[in-house]
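Shared chain: chain A. Partners: chain B in the first complex, chain C in the second.
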Partner chain A sequence: MFYIHDIACISPQKTFSEIDIEHLNCPVGGKLPAIEPAYEGIPLNILRRMGKAVRMGVGAALTIAKQNAQGIIIGTANGGMEDCIRFLNQVIDYNEGVLTPTNFVQSTANAIASQIGLLTSNRGYNCTHVHRGLAFENAVLDTAMLLSENPSHRYLLGGIDEISAYNYNIEFLDGWFKKEKVAGKSLYQANTKGTIAGEGSVMLLAGKHANGASAQLMAIRMLHADDEQYIAGELKGFMAEHVSDAGDIDLFLSGENGDARLQKYYDACEAVLYKNVPVAHFKHASGEYATVTAFALWLACQAFQKQSLPQHFLKYRRAKKDFRKILIYNNYHGMQHSFMLIAKV
Partner chain B sequence: MEREALKAQLKKQIVEFLNLMQVKPEEIKDDEPLFGEGLGLDSIDSIELIVLLNREYGIDIKDPKEGRKVLVDVNTMVDYIEAHRTK
Partner chain C sequence: MSRIFVTGLGIISAVGHNVEANRHSLVNKKPGIGKATFLSTKYAAALPFGEVDISTPSLKEKLNAFEKGTTRTSLLALHALDEAIKDSKLTDEELHSPRTALVGADTVGGMCLTDELHHDANKHEQGSEYLASYDCGSATLYLRDRYQIGGIVNTINTACSSSANAIMYGARLIHHGLAERAIVGGCDSLAKFTINGFNALHILADEACRPFDENRKGLNLGEGAAFLVLEKEGLVTNDHIYAELSGYGNSNDAFHASSLSDNGEGPLLAMKEALMAAKLPAGEIDYINAHGTGTENNDEAESRAMIRLFGQVPLFSSTKAYTGHTLGAAGAIEAAYSILSLYHGEVYPGANFSKPMAATGLLPVTVYLKKELRHVMSNSFGFGGNCSSLIFSRA
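Now for the complex of A and B:
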C-alpha cells in the first residue's frame, strides 16, 4: 500500500518530542486528556482561536509537514465538536441573534486539514474523512489510492479526535463509558460495559517508495458487522491474502477496551492467530475514540523502532520475537471493524 | 457604572471574548490601538467585538463606517458604550 516516512503523535501519554511510554498517565473522571505541547510553530493569533482537535492536529502535523507533501488527508469522526456545541448553544442562548464566527469556523471537521494547508501553504489535495469509527481507515484508503495514481507523491495523513463534554455525556448515558473508576490495566479486568474516553492526534508522511521509510502499511480491511464469527472469518481471509503463515505475525495489537460487550470480537480474532503470537492492548494508554487506530499505528512504529514495548502494553508475555509484522484489529461500538497489517522496513 | 470601572470591565471582556491568552486585562492601555500596532487584532476580531457590544451592552452596530470609528481603542469603545448602551 504505502510506506511511512515520518510519524508524530499527541496523546494522553508522553508521545510527542520526548517520548516516554513506560510511565502511564491514568484517567481522571473517566477521561484520558491529551498532553498538549507548547505549539511553538503556530502563531499566537491563530492558536488562540483553535479548538483542541485543531490544535492537536496542526501541532502534530507541523513537525511532519516541513517535509514536502503533495496533499493532506485527515480522518476525524467529530472534528472540533466542543466548538460546534459552543456555537449551537449560542444559537439558543442568544435567540438566533448575533453570533460569533470563530466557534463556527473552528467546529467544522475539515478545519484541521484546512488550517494545516493554510499554515504550510499546501495548495494540494485536501480532504477530510468523517466515517465515525472508520474515519482514519478511510483516510488511509484514500491515501493508498492517491499514491497508486501518483507514485512519486507524498501525502500527509492523520487521525484526530478530541473529548468533548457533549459527546462524552451522550455516550456515557448510552453506556459507552464506565461508571466505575478504572486506571491502567484494571480497565481490562472490570468485566462491565463501557470504557474510558481518550483523544489524540497522529500525523504521518506516506509515500510509495521504501527509501528512508520506517514502516510499511501492507494492507487494510474495513467491515461493518456485528457477528464475531463473521469478523473472525474475514480476518482469516485477510491473513490468507496478505500473510504466508498465521504464525508470521510478531504482534497482535488488539483494540480491546474493557467493554465486556465487545470482548467477544477480540477473543474471536485472537483465536485466528497461533497461540504463540504475542498480544498487546493499548487503550489503557490512549483511551477510546473513533480514530484511535492512528495511535495503534504509531505504537506499531514505536515497536519496530525500539524492538520492544513496555510490559504494561503486553496482554500475554509470550516468547519475545523480533517485531517485523504487526496486525492491528479494532472495532468501534461493535459495528465498525478494521484490520491493518504493518511491516518493519 | 463609573468610567474607570467600565474600562476595566471592557478590558476583561475583550480578553475573554477574543481568548487573548498572553494578555492580562490590566496590561491593555486605554489609548492602545486595538488593530495593527498595539493589540494586533484582525478583521475576525472586529466581528467578535461587535458581537461583544451587542451581547453585553445591547448596542447594535450595523454601519461598518461607524464600527471603524468605535473600534479604535478602549477609550473610543467606552465613549460609545456610555452614549448608546441599552443594558
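Now for the complex of A and C:
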C-alpha cells in the first residue's frame, strides 16, 4: 500500500525524542497521560491557545512535516474534546452569555489538520476522519488511495486523541474504564470490564517508494461486527490474501485491553495464527483510545528498527529470530475491528 | 477509470422533508428561514434559523426509531438515508454486501443534546441514555446498524465542507475498487453549541441571510441531512440515473483558523482541481451552487476566487438563503440540489439579494430559470481552510 518514511510518536511513554520504552510509566487514577515535549516550531502565542490534542498533533507533525508533504490526513475520534466541553460549560454556566470563540474554534475535529496546514503553508489535500475506533484506519486507507492516485507524492498521516476529563467521565459512565486500580501488566489479569484511558499522537510520512523507508504497510482491513467467529473468519481470509505462509508472521500485536468482555475477540484472532507466533500487547503502555492503532504502528516500526521489543510487551515469551512481518489486530468497544499488516523494508 | 453515477437522492431540510418538497421550494423561491419552534436556546427569538419543521419525538414516531440514545442528528440522517435507499431501489442484499460503502459526515453529532452532554461530561453519577451518542461517528454508526451495511464505513469532519468530502471519499472508494456502490452524505442538527460558537465569532445575521449582497450581515444556522447513492458504471441496471459525479477537488486555504484568505486561494485551488479531475475547461461549467454563506468574508473570498478562475463567472447562486447553513449536511444538501438542477434543467434563484458587492460587482441568479445544463459545480468551504468542490455532469 505504502512505505513509512519517518514516524514520530507522543505517548504516555518516552517515545518522542529520547526513546526509552524499557522503563514503563504507569497509570494514575485510571489514566495514562501523554508526556508532552517542549514544543519547537510553534509560535508561543499560537501554542498558548491550543488544546492538548492540537498541541500533540502539531508537535509530532512538525518534526517530520519539514519534508514537504503534499497533503495532510488525520484520524481523530474526538479532536479537541477538552476545548469542546470547556466551551460547552461556558454556554451552560453563563446561560448563553457573551463568550469568546477560542475554545469553539479549537474544538472542531479538523483543527489539528488545519493547524498543521496553516503552520506549514500546506495547501494540498486536507482531511479529518472521525469514525470513532476506525478514524485512523480510514485515514490510512485515504492515504493509500491518494498515493495510488499520485505515486510521486508524500503525505502526512496521523492518528491523535486526547484524554479529557470530560470524555473520561462520559466513557466511564458508559462502562469502558475500570473502577479498580490497575498498573502495568496487571491490566490483563483483572478479569473485569473496562480498561485504562490513554492518549497520544503518531505522525508519519507516507510515500510510494521504498528508498529510505523503514517499514511498509502491506494491507489494512476494517470491519463492523460483534461476532468473534465472524471476525476470526475474516482474519483467515485477510491472511490468505496477503500472507503467503501463515507462519510468516513474526509478531502478532494484539490490542487486548483487559476488558473481560472483549477478550473473546482477541482470543479468537490469536487462534487463527500458527501456535509458535509470538504475541505482544501494548495497551498497558499506551492506554485505550479510539486511534490507538497509530501507536501500535509506531511500535511495530520500533520493533523493525531495533529488532527487539522490551520484555513487558510480550504476552508469550517465545524466543524470536527477527521481526520482518507484524500483524496488528484491534477492536474498539467490540463493534469496530481492524487488521493491519506491516513489513520491514 | 469507470464513471460514477448518482442513482438515488434523499434530503430533509428547512424547505422540505423530501426531495420533491425541497425542489418545490427552490423552484417557487420559498426560503425556509424563520423562527425556530423546537430549538431551545436563548437566541430562539432574536435570531432566525433554518429549522426542520418536525419535532424530535415526531421524527422517532415517523421513522419507528425508538432505539436508546438516538439523537435528532441521527434521526435527520436516517430520514434522508431512507429516502435515498428507496429512491435507488437498493435491496437488502445490496445493502449488506461488503461492496456497499457508507460514508457519513457531521460536525455536531450528538452535541445537539447540549444539556445532557453537560450533565454527563461533568458529573460522576447516573449517566443519560446518550453516553455513546455524542461523537461524530455516532450518527453513521447508527445508520450502519440500522441497515446492516456491509462494506467500508467512515465518518468525516472537515467542518462546513464535511459532506462534500464524504461524497469525494465514497467516489474514490469506488474508483479504487474498494466498493462498487457508496451511500454518501451528511447531517447536522441545530445545537446551542454551534449557535453560541458562531455567535461568539459575530457571524450570525439577525435577519434572513443575503448571500453575495453588498449589505449582507452574516449567516443563518440551519439543520438537515442529505444522502446520495453513488454507483459504478456498468453496475447500474435501473434507468434511474440522475447525473454523473465527474470531478472533485480538495485543498486547504492555509490562511486562518476561521476565515478565508481575501483572494480565496483555497477555494480557487479546490475548484481548479475539480475541473482537472473532470477534464473540463472552466468555460464548460454552466452553473455554480456556491458555498455563499452570507458572511462578509466567505462571499467576497468566493467571488474573487470565481473571478480569478472563470473570468466571466457562470450563472451562480447560494441555496443557503433557503436552508440556512446546515454545516455537516451542507455539502450533501447542495450537491443534491446541484444534481436536481442538472436533471431537471433548471437554475434555482438566490434569495434576499438586492445590491451587488462593490468589490466584485457579481450578480447571482435571482429568478428561476429553465435551462439545459451540462456541468454544475458545487462548492463547500469550511473552518480550518478546508475547501472542496464537486462537479456533476449530465449522464
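Rule of thumb we're sticking to: the second predicted complex is superposed on the first by the 345 of 345 C-alpha atoms of A that agree within 3 Å, B and C clash if a C-alpha of one lies under 4 Å from a C-alpha of the other, contacts with A are read in each partner's own complex, and residues count from 1 in each chain.
Heads up, the rule we're going with is that contacts are C-beta pairs under 8 Å (C-beta built on N, C-alpha and C of every residue); 3 or more make two chains touch, one makes a residue touch a chain.
None of these values were measured; they are calculated from a predicted model.
Look at A:Asp322: by the touch rule set out above, it reaches neither chain B nor chain C. When the two structures are aligned on the shared chain, A:Glu180 is found in touch with neither chain B nor chain C.
By the touch criterion defined above, A:Asn169 lies against chain C but remains apart from chain B after alignment on the C-alpha atoms of chain A. Set side by side, chain B and chain C differ in how many residues of chain A they touch, and the one touching more is C. In the superposition on chain A, A:Leu44 contacts chain B only, with no contact to chain C.
Touch criterion met: A:Pro101 reaches chain B and chain C at once.
In the superposed model, A:Gly117 lies in contact with chain C only, and not with chain B. Using the contact criterion defined above for the overlaid structures, shared-chain residue A:Glu18 touches neither chain B nor chain C, since it reaches no partner. After overlaying the two complexes on the shared chain, residue contacts for A:Asp245 are found with neither chain B nor chain C.
Common to the chain B and chain C contact sets on chain A are residues 98-101, 105. For chain A in complex with chain B, the touching residues are 44-45, 47-49, 94, 97-102, 105. Remark: chain A residues 72, 77-79, 84-85, 87-92, 95-96, 98-101, 104-111, 113-115, 117-118, 120-132, 134-135, 138, 141-142, 145, 148-149, 166-167, 169-174, 222, 224, 333, 335 touch chain C in the complex. Against chain A, the residues of chain C that register as touching in their complex are 41-43, 107, 111, 114-115, 117-118, 120-124, 126-127, 131-132, 134-138, 140-141, 144, 152-159, 165, 169, 172-173, 176, 178, 192-193, 195-197, 199-201, 250-258, 265-266, 269, 382-386. If you check the complex, the residues on chain B that touch chain A are 17-22, 40, 42, 44, 47-48, 50-51, 54-55, 60.
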